[in-house]
Every structure is written in C-alpha cells, then in structure tokens.
Amino acid sequence: MLISAIPRIGTLPSGRCDAITDVHSVAVGHATLADGEVQTGVTVIRPHAGDPFLQRVPAGFAVLNGFGKSVGLLQVEELGVLETPIALTNTFSVPAVAAAQIRQCIAANPECGRSLPTVNPLVFECNDGFLNDIQRMAVEESHYLQAWASAGEDVAQGAVGAGRGMSCFSLKGGIGTASRRAGTHTVGALVLANFGLLHQLIVAGQPVGKRLARQPAEAEKGSIIMLLATDAPLDARQLRRLALRAGAGLARTGSVFGHGSGDIALAFSTAYALPQRREDPTPAVALLHDGLLDELFQAAADSTEQAILHALWHAESVTGRDGHARPALSALLRELGSP
Amino acid sequence: MLISAIPRIGTLPSGRCDAITDVHSVAVGHATLADGEVQTGVTVIRPHAGDPFLQRVPAGFAVLNGFGKSVGLLQVEELGVLETPIALTNTFSVPAVAAAQIRQCIAANPECGRSLPTVNPLVFECNDGFLNDIQRMAVEESHYLQAWASAGEDVAQGAVGAGRGMSCFSLKGGIGTASRRAGTHTVGALVLANFGLLHQLIVAGQPVGKRLARQPAEAEKGSIIMLLATDAPLDARQLRRLALRAGAGLARTGSVFGHGSGDIALAFSTAYALPQRREDPTPAVALLHDGLLDELFQAAADSTEQAILHALWHAESVTGRDGHARPALSALLRELGSP
Amino acid sequence: MLISAIPRIGTLPSGRCDAITDVHSVAVGHATLADGEVQTGVTVIRPHAGDPFLQRVPAGFAVLNGFGKSVGLLQVEELGVLETPIALTNTFSVPAVAAAQIRQCIAANPECGRSLPTVNPLVFECNDGFLNDIQRMAVEESHYLQAWASAGEDVAQGAVGAGRGMSCFSLKGGIGTASRRAGTHTVGALVLANFGLLHQLIVAGQPVGKRLARQPAEAEKGSIIMLLATDAPLDARQLRRLALRAGAGLARTGSVFGHGSGDIALAFSTAYALPQRREDPTPAVALLHDGLLDELFQAAADSTEQAILHALWHAESVTGRDGHARPALSALLRELGSP
Amino acid sequence: MLISAIPRIGTLPSGRCDAITDVHSVAVGHATLADGEVQTGVTVIRPHAGDPFLQRVPAGFAVLNGFGKSVGLLQVEELGVLETPIALTNTFSVPAVAAAQIRQCIAANPECGRSLPTVNPLVFECNDGFLNDIQRMAVEESHYLQAWASAGEDVAQGAVGAGRGMSCFSLKGGIGTASRRAGTHTVGALVLANFGLLHQLIVAGQPVGKRLARQPAEAEKGSIIMLLATDAPLDARQLRRLALRAGAGLARTGSVFGHGSGDIALAFSTAYALPQRREDPTPAVALLHDGLLDELFQAAADSTEQAILHALWHAESVTGRDGHARPALSALLRELGSP
C-alpha cells in the first residue's frame, strides 16, 4: 500500500474548508466542457463580490518559468493591482476568455476605454492538448460568463473547469485547492496542475512516482498556475514575495520547473482595495511588517503543495482526444492493491 | 513659419527607404478600417519570409511603462525569441488578433500544440478610443490575415493600419518608420505613436508644441509601441539593451513616459534564426561585442525619434467617433501660415 | 554667443533653493580630495536627520544601463527601503565607503548583525579615472564620515565631493542639483554626471555640443547616477516608476545610455518611514493615486535635466592625473566669445 | 536510527569527485579563520585558470530572496559575464574582499579603469554572526589572495572557508558541493549553506528535523548562496534559467526562502569565453537548444540538494562568539543512537 489517504502537508492548521475560499470574499466557479474530443473548460476566481475594475485588489506575481501565454501580467507588474476576476483556461482559448472579460467590463462600466482607462484582462493557461482537441478552440465567451456566474464558496476539484483536460505527473491533473492559517491571517491556494512525469512524483516526501512508473517517460511539456489569496494587509511587493514561495511547495512535489512549461504564481490580498478613479480617496493602510512574513511564506508553500495533491486526489480518469487517457491517481493506487 | 519640412534627426545616414524594411527580409503590411465611428486597423511586421514559428528570430524588449495590454512578452523574456509576426492593433482587438495568429500557426503547423509546442501570439496595442469606437471591437481575424498578406517593403505611414485611430501630441498620430546605418549594420524603427499632449511636443529640439498649443491640456492617456529591427548579430540580452535606447529617442520628442500609457520597445535581429525543433541544429553565431554597440544605440534612438516625426508628418486629419477629430500636424502648420 | 546664462528647463516652478534639499529633511554633504593626481571624493545624501537603519524610507530604482558597480540595490529591490544614507564616490572606492557605512551603523546599533539584521550599504559610483588616479583608491572611511558630518541644506555643485574628478560631455562634470514643484509636492534631483561626448551635448534642446566640438570623439565610457527625493507619499513600486522618468531628462541632454556606462536612477520618499524592528508598528499610509503621478513624472524629468546642466555650469576646470584636463563649460564658452 | 549514511539524491550519475570541480577547469580554494570569537573565512571559485577579466565566462543568476548584500550582480545582469573569480565570505567582510579583487585585477591589468574598463568585483555573503564576531570585520585582503592561491580540484567541505561560521537548520552548516552528469554535460554545485531551522530539515524526503528538534525555534535569519558550473554551451539567459532550478533543490531540503535571507543562485558556463577587449574576435558558439535543457535542470536541482546535505554531513561542531555553538549533524545523530 503506497498511500491510503491523502497526506496532510505541514503543521499549520487549515481554514474551515481547506480551500482558497477560506479567505473571506473569495469565490470560485467553473464551466466544464466534456464531450468526446473536447475536454476543457474555464475556471474563474473572484477576489470579492464587487466590481474588481472599480475596486482593485493589490497583487504580485513570480514567474518560475515563462514558457507560457498568460495575459495581463505586464500591467500587474507596473500597477500592482488586479482589475478583473482571474480566469484560467487552455492555451488557445486565452483570446476568447480575454475578450469575454473586456465585454463584461464594458457592460458594467460604459466609460471603459473612454473617460475611464481600458481594462486589463487577466487570463492564465495551461496546454491540455493531450486529452483535449485544443486546436478546436472550443471555449466561448459564454463559458467564461457561466463560470463567473456560478462562483461561490464551494470549490469543485480535479477534472473540472480549466482542469478538465489537464495532466499531472502523467496522471489526471486539474484543479486543486487548500488553505493554511498563519497566526490571525489565512493563505489560500488554488492550482491548475498540468506538469510533471510520473517517475518524478513525490507525495509528502515519498518518491511515490518512482514506484508507480512502469514505462519510459515522455518529455515534460506541462505547466502549472498557482494562485494565492490572503487577508493579510500586503502590498504588491510583498505579494510578489509571497507568490514566489508557492514555488517551494511545487518543488517538493518533484517539479524542477521544466523547460516546456509555464510555471507562474500570483498572489493577491483582500485586505483592502485601491480605487480605479483618481477622484476617489486611497485607503490608509498599515502593511504587515516584512519581518512577520515567514509564517505566511510557510503557509504559501504548504497550501500550494497540498493543493497539488488535492488536484491529483480528486481527479477522475478521463479519456479524450484520439483515445488518449489519463488515469486518476486513486484508480492507479486501487489497481496496485491500495485501498 | 515653424517647420517647413520634416527635420532630419542626427548625423547617421539612413538606409535606402528610411524605413524598417531597410533591414533585409523585414516586411510590413496594414489593414485599415475607416468608416464613420470605426477608425482602427491592424499592422503586421514580418521578420522574414519564412515561417517564424519554425525559424525563430532572437528578440528582447524594454518596458518603459507597463500600463498596457500587449500579449506575448512573458515568453519572449524567457526564451528570447519571436515565433509569430509582430502585430499591432487597438487595445480591445488584441484577443481577435491573437486568435488569428494562433489559427494561422496551426494551419501552417498541424502539430502545433500537440507534438510541437503551442505558439506564442505577439500583439501590441494602443488605445485609439478617442477617434475609434473601440468598444465595438471591430477588428476581425480576417483583417490580421489581410495585413499579413499585404506585407512588403513599402511602408505606408500616418493614419493607416493600427495607426488609423491613434492620437499623438493631441494631433493625428499613427504609424511612422525610419532607419539609420551604424557602420556595416542597419537599425530600423517602426512606431505606433499614440501619446503626448500638444504643449509637450518637441521637434528636433524645438518646443514646437508650446507655440501651437492654444487650450488647456486634457490628461495624458496615450502610449507608444516602438519596434526595432537590425541585421547585426545580437542575442536577446543585447536586443533588450538596444530596445531600451528607443526610449531616449522617445524622450527627445517631449515624452516623460506618462502614467496612463503603455510605452514598450522591442528589438529583433534578422542575422540568424533559432530552430523550433530541438532535433534541428542551432547555428554557430559570433555575436557583436558589446563594446561595439554604441553606434547601434545611437541609431536606435535616432531612428525612433525620426519615426515619431514621420508618423506626425504623414498623418492626415481624421474625424471619428462622436465627431471627435484630430488635425494633422501639416494642416495645423498650414493654418498658422507655415507652408 | 551660444549661451549666456544657464537655461531653465520646463514650466514647473522650482523649490526655494532649486536643490534636492528643497524636499524637507534631506541634507547633502561632500568630502573633496583635490591634490595633484588625486581628484576625487565622497558625497552623502541623508534622507532625514534620524537613524536611517531604524527609520527606513521607501525607495525604488531603475537601471537604464547596468554596466556599473554600485552596491546595495539587490536589497532595495527586495525590501523597498533604504537603511543607510546614500553615498556617491569613484568606482574603486566603493568598498571603502561601504565599510564606513557598516561601521557607522554598528556604532549606532550595537546589535546590528546580531539580534538586528545586518545593514545594507548603499554606494553608487562613477569612474573618474581620466582625471583621478583611481587605482590609488585614495578615499578612506574617514572621508565618508566627513561628508556625512558636513551634510546640510546648502548643496555645493560642480567639481566637489564625488564629482571632483568626473567628466561630462568631454567637459568638467560632477555634482548638480535642482528641484521642481508638482502641485503640493516637491521632487528634488541630485546627479553625479560623468557621461557623454562633447558633440552629443544638447542644452535645452539646442545642439550646443555640435558647435563646440572640434576634435574626433573618444569612446563614451561614462555614467551617471540620478537621485530623486520627494515628499509625496509613494511606495517602492511608485518610486521605481518615478526614478525611471529621470531617464527622460537624461535623454534630453543628448545621452543614449551608452554601453560603457552605469546609468542608474533611484528615488526615495520622505513622507513616511518603515521601522526596522518588527515589534514597532508600521504607519498607516494613504498613498498617492497612480493616476496623479504625471506631474511628478514631469518634475522628475525636468529636475534631472536641470541638475545635469547645473553640474556642467558650476564645474570649474580641473587638471589631474598625467596632466589630463577637463575644461569648464563656462570657460569654453568664454573662449568662444560668450560672456 | 535516522540516517546512517548520507543519502544520494536523484538518479543522475555524479562526476568523478561529486564536486563542482568535476566541471573541467573549475577550481576552489579556502582561507579559514578559526580562533575563538573569530570563526569565518573566504572561499574562492575560479572558473578557469586564465585571467577572468580578459576571458569572461557567461553567467546568469536568480534571486529567490534578495535580503542580501552580495555585490556585482547589477553588471552580471547587464553584460551576462563574470570578470573575476567568485568570492564567498561573511556579510561585513564583503568590502574587504571586493577591494582585494579590484587590486588583484589592477595588478594583472595595469590599464584597468583607464584604457580598459573598471573591473566588477563579485562577492557573495551570508551572515555568520551567531558563531562569528562579524562586527570585528576580521577578513583581510590577504585572506582572499590566500584562498585564491590555494584553489584546486579538491574541495574541502563543511566548516571551512566562508562556511566556517555558518549555521544551517540550527546545526553547523557551511560549504558543500556535488555534481551530476546530464548526458554528455556536467553540472556542478557549490553552496554556502546558512539557512533554516531544525524542525524544517528534510533529508531526501524524510522530515528528519521534526524528529530531532527539541526546542522552540528562533526566527529564521539565514541565507544560502548556490553556485552552479556547467560545461554545456549556454548563454546568460539560459544560465539564469539553470540557476533558478537550484531553488527546487533548496526547497526539497525544507526551505521556504525565508524573509530574513539572501537566497541567490548563480550559474556560469566554461564552454566558451567572451573577450574583454572589443578588438578581440568573439567566438562562434552553437548554444544548446532550450528544448534540451530539462536534464540539466534536473542536474541543477539534484546537485544543489546534494551539496546542502554534504555541507551538513561534513561540518564539524563549532563553538564561537560568546560561547555560541552549533552541533554537527553527525554528532547529533550519534547522540541519538544513530551510528
């Protein structure tokens, strides 16, 4: 028996749901497309229930490997804020989802691009082309809106939303989430896990993959998007520091941030918001002292590692394009006589 | 008389056409939409006549102000190459053009996103919402293909292609190009100029704008994309250095890289190409010594400044959305008794 | 007559002294070594009268050209604060001045490097090896302390302090300062100007250098350090944005950020301070809205351009190592029949 | 029994000595100061036997946490080369070692800082203030020269050179090295390990630290320098990518890149050198295709993790300043009844 239950990472306590939505006001929704050759979808993370274009939350990010096609990071780097919900989808559907974000913002803000600035779409992606006919570009703007409208506190995990067609450690990957408490603050992680070869998989320190792997490895072409939310009062610089620590959690699962991969982490804070309109007053914020970040850093690494394990654990087996299939980790373990 | 002819910047000689296409193998095409409220378009720069996905040219970029929605730079930073033509359009049409680049690459490379990596669309933008009904998202994928197909050595300037609806120094802006020779090498610049307030305009050192400006300035919300091509054998690091010097040319026209602005410069070299397929041999390249870059830096600054002046000089007056109008610099000078 | 008085840059008003010390609490001091082959020194900028290690001011920087040996920027990037005064000196004297900063901090904070973190020296440099026997490494720790102790509101300019041996546009360069008011806030600039060839010099838009230059140019090997202070409440991200605009002022004097050059701009705010000790409360700060930065950006560019002109204007002719000499701009103009 | 022998990380083979000197032409030397309150030193890594100022090797780096005082990285970022040996020492001795590098370069190149550029010292540091009286600044220029002169293929590990006073996981840390073969190429790692709290320590996936830790943890204030050498023909961009993968190895030992820490990785290639003098021809280099980097990335992560374990394993117990002591891992295991 290799693993009979999903191991718990680290010693920090989880939030109520062990999910990114343990950070107050964060909501997650999915739209899943699962029909033969089309195995893909959209996932939306809303930082708060208001209009993120008018009430922009601070954000920072770290690029561990930039072989990726995510859009919106240029402006996040310059201005240090989000101004849309965060969307996840497959690589070739980024334009459709970005267009949906633009139209949604215009609908809510008729002066967007006129007396108000243009909006900055923020769409992350992984390549699900093994299971999904990615060339079909099946995701439409309506799917983004559907995911957005369904966003709530309960987060479905595994082969759902943008995670529908993703592979991870040659197994079925996808969406995973987790949270950790650091003192009075919470850090929540949500990952889109689409990386790694089976022989590389480490589960809570155990080289599980080496024991499961039975065939020569293909080349690593995967990637991972790691999103962190926190209610700690941090600014863009501090959030960039927090985001980078997701990479420590990722490395502990066996990744070496392979070449053919977009490995990106973004962190945002819900503790305050910065107004779009310069006529509106900016809030007076007492930031957390950098000297108090260490426990948040541990929470970022641990919740990310846990979220990756959750993605593997909750994913069901999927067969898609050209009969390509990815087994669920749970199925593989059952096959081997694990419970 | 303020200016009777367009001044020549600097002392370096120009190439044959004083255009980016003086760099061998570079071609430029436009698709222009000019119909009432719709005043916009697409411009395409092809680094060479082959498939840029298979034969990738080295590239580097500098972000002077990242308040912008261009896509594709994340991967250029990581891998140091282009793999599509460079496209320019309005801010809200970026998704349509990116989708067109993806479909074009799939058509030419049926294994794109399968056994070959996904392609990285590269689309730059400025906000032409003053003259153009940008919310209509009028640019379609066919316009990208039309611009691509029409690409050649002759470069139309002013209110054409992506430049159709752009404003510059409260005048009609748009597309401008120029080139300079630096020893045996050529540097060519092409700009999409959409920045600045009239009173800021400096023409070859003269504060022309201060004399022309008759009304209080609106707030600066513009931006500029500056593209440099060279036949010098440079790598991504050196091309990033070259790109930054476009900012010196920009500053000399009166810009201070205003807040509400995406000011981005990208440089690429046509001296060699790096193969997409790892089975293909990489070329042996003797790079230019960094100690020999100074003349290229001067050429980058001078050709950029010249290209901005060309954009102003060649632009015709345009009236667009809600009757908004931008006068041509030439018209304004005529009005004031200049030739 | 080329120029009879130093031109005033831009339309924004200056502060009381047209100096960086117009920003309340900022003080500047010099130690000058001028003895035959030794023509060099140290300049110190104190952000406030307190201990900068305990009360750290926010800071950000932009590297226009990184061919330089300044120390301390790594940590400024990560933490977004200064924790020493800013020191300027020649390239090979950086270690001596950094050691002086460490010893000064230990003297004031006996727990530095023990229960308190180690201190981050911040020393910028230019190469004054044309006029100064830089290999002698003549600056000693006592010179740093002397500059520090002499810091006050009055700022000597030209061939003083770190500027003693510097060359600029093949003329005598050195220290210059200026300030501009942007609404209720002030931006002050102080430069260590050591760049450019005579034929490149542009004074307030006029190609003065072209008319003065009488001999073929040597290769550009210079550099410039540009320091900005402001009393506007900005954070590290915004200060990085402000710092970059110093580059626009620099470009307008004729620089193209030449290869052999360390062109670096750093901006700090005196509006608030962040405590070193994590036990101390962080202040609640309402930052300036980014949408209000444009006038500050203009002030940054204009005060930098003005400070460079001040450095040239105030410098006296100096003869140093091996009889090398740099004429003062004023002397050159007199020679040519200017007043 | 927790661990009876040092575990071997990963499946790639090691080079002949399992040391960074398995990369041809790399040599390592130490100067160790061990006398009561003074427990510190210098370590020097020479990329090749020639003059690195004239024959500069390509290099790139990744900053995982920039709370550090290393000098020289600004220019490595801009120019992509080393021009001195790499030196390691304690935080407050950086200036002395940088001065030694300057003097050494001047001695070998009398035109340094005159007709040749100034030299860029490259000194990395960690804070050994727990065991060492760091305020004494005991390292002198002669110690650098001594370490340099003693450099050879055999690499002493543990409490030697710059590692003499370093702590790691609340144990005695210091210098460790390892190497891995990736196809026909070798990657070697050398670390200066000074990070982590005992309860965080993970040895080859096992949470050894949790079992060893008996007292509440102090705050993490450590750091780590990770140096990678390779004989693969990579450029600065690729070497930056390689360097970042050292972070994956670091994370697997239990680090989350804590706040109070300078966690920096630098990689260089010995496959070719770039001349200092622009008169000298640059070599024609066929770089490794990025698509072939994955095995090198694995080698970088594995050799770094192994090098950290080597540092712990080879370190002897040290007592220093104020009677502070750090036990050797081997001693602790013996105490607990392990062999």
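Letters are used for the chains, namely A, B, C and D, taken in the order the chains are written, and counting of residues starts over at 1 for each.
Here is the rule we go by: contacts are C-beta pairs under 8 Å (C-beta built on N, C-alpha and C of every residue); 3 or more make two chains touch, one makes a residue touch a chain.
The shown structure was predicted, so the numbers you read here are calculated from the model rather than taken from an experiment.
Student: What shortest step count links subunit A and subunit D in the network of chain contacts?
Tutor: Graph distance in the chain contact network comes out at 1.
Student: Farthest from subunit A by Cα centre, which chain is it? Let me know.
Tutor: C
Student: Compare the two sides of the subunit B and subunit D interface and say whether they are made mostly of the same residue numbers, over half shared, or of different ones.
Tutor: Mostly same residues: over half of the interface numbers shared.
Student: Can you check how far apart subunit A and subunit B are, centre to centre, with Cα atoms defining each centre and the answer in Å?
Tutor: 34
Student: Cα centroid separation between subunit A and subunit C, in whole Å?
Tutor: Taking the average C-alpha coordinate of subunit A and of subunit C, the gap between them is 43 Å.
Student: Would you give the residues of subunit C that are in contact with at least 2 other chains, written as numbers and ranges?
Tutor: 65, 78-79, 241, 260, 290-291
Student: Testing understanding: with touching defined as stated, what is the shape of the graph linking the protein chains, line, ring, star, complete or other?
Tutor: Basically all the chains touch each other, so complete.
Student: Looking at the complex, which residues from subunit A come into contact with subunit C?
Tutor: It is residues 78-80, 235-237, 241, 274-275, 277-278, 280-292 of subunit A that touch subunit C.
Student: Quick check on the complex: what are the subunit A residues that touch subunit D?
Tutor: 64-65, 202, 205-207, 219-220, 241, 244-245, 247-252, 255-260, 290-291, 293-294, 297-298, 300-301
Student: State the interface residues of subunit A toward subunit B in the complex, per the touch definition above.
Tutor: 63, 65-75, 77-79, 91-92, 94-96, 98-99, 102-103, 106, 112-114, 117-118, 120-121, 127, 129, 134-135, 137, 221, 260, 262, 264
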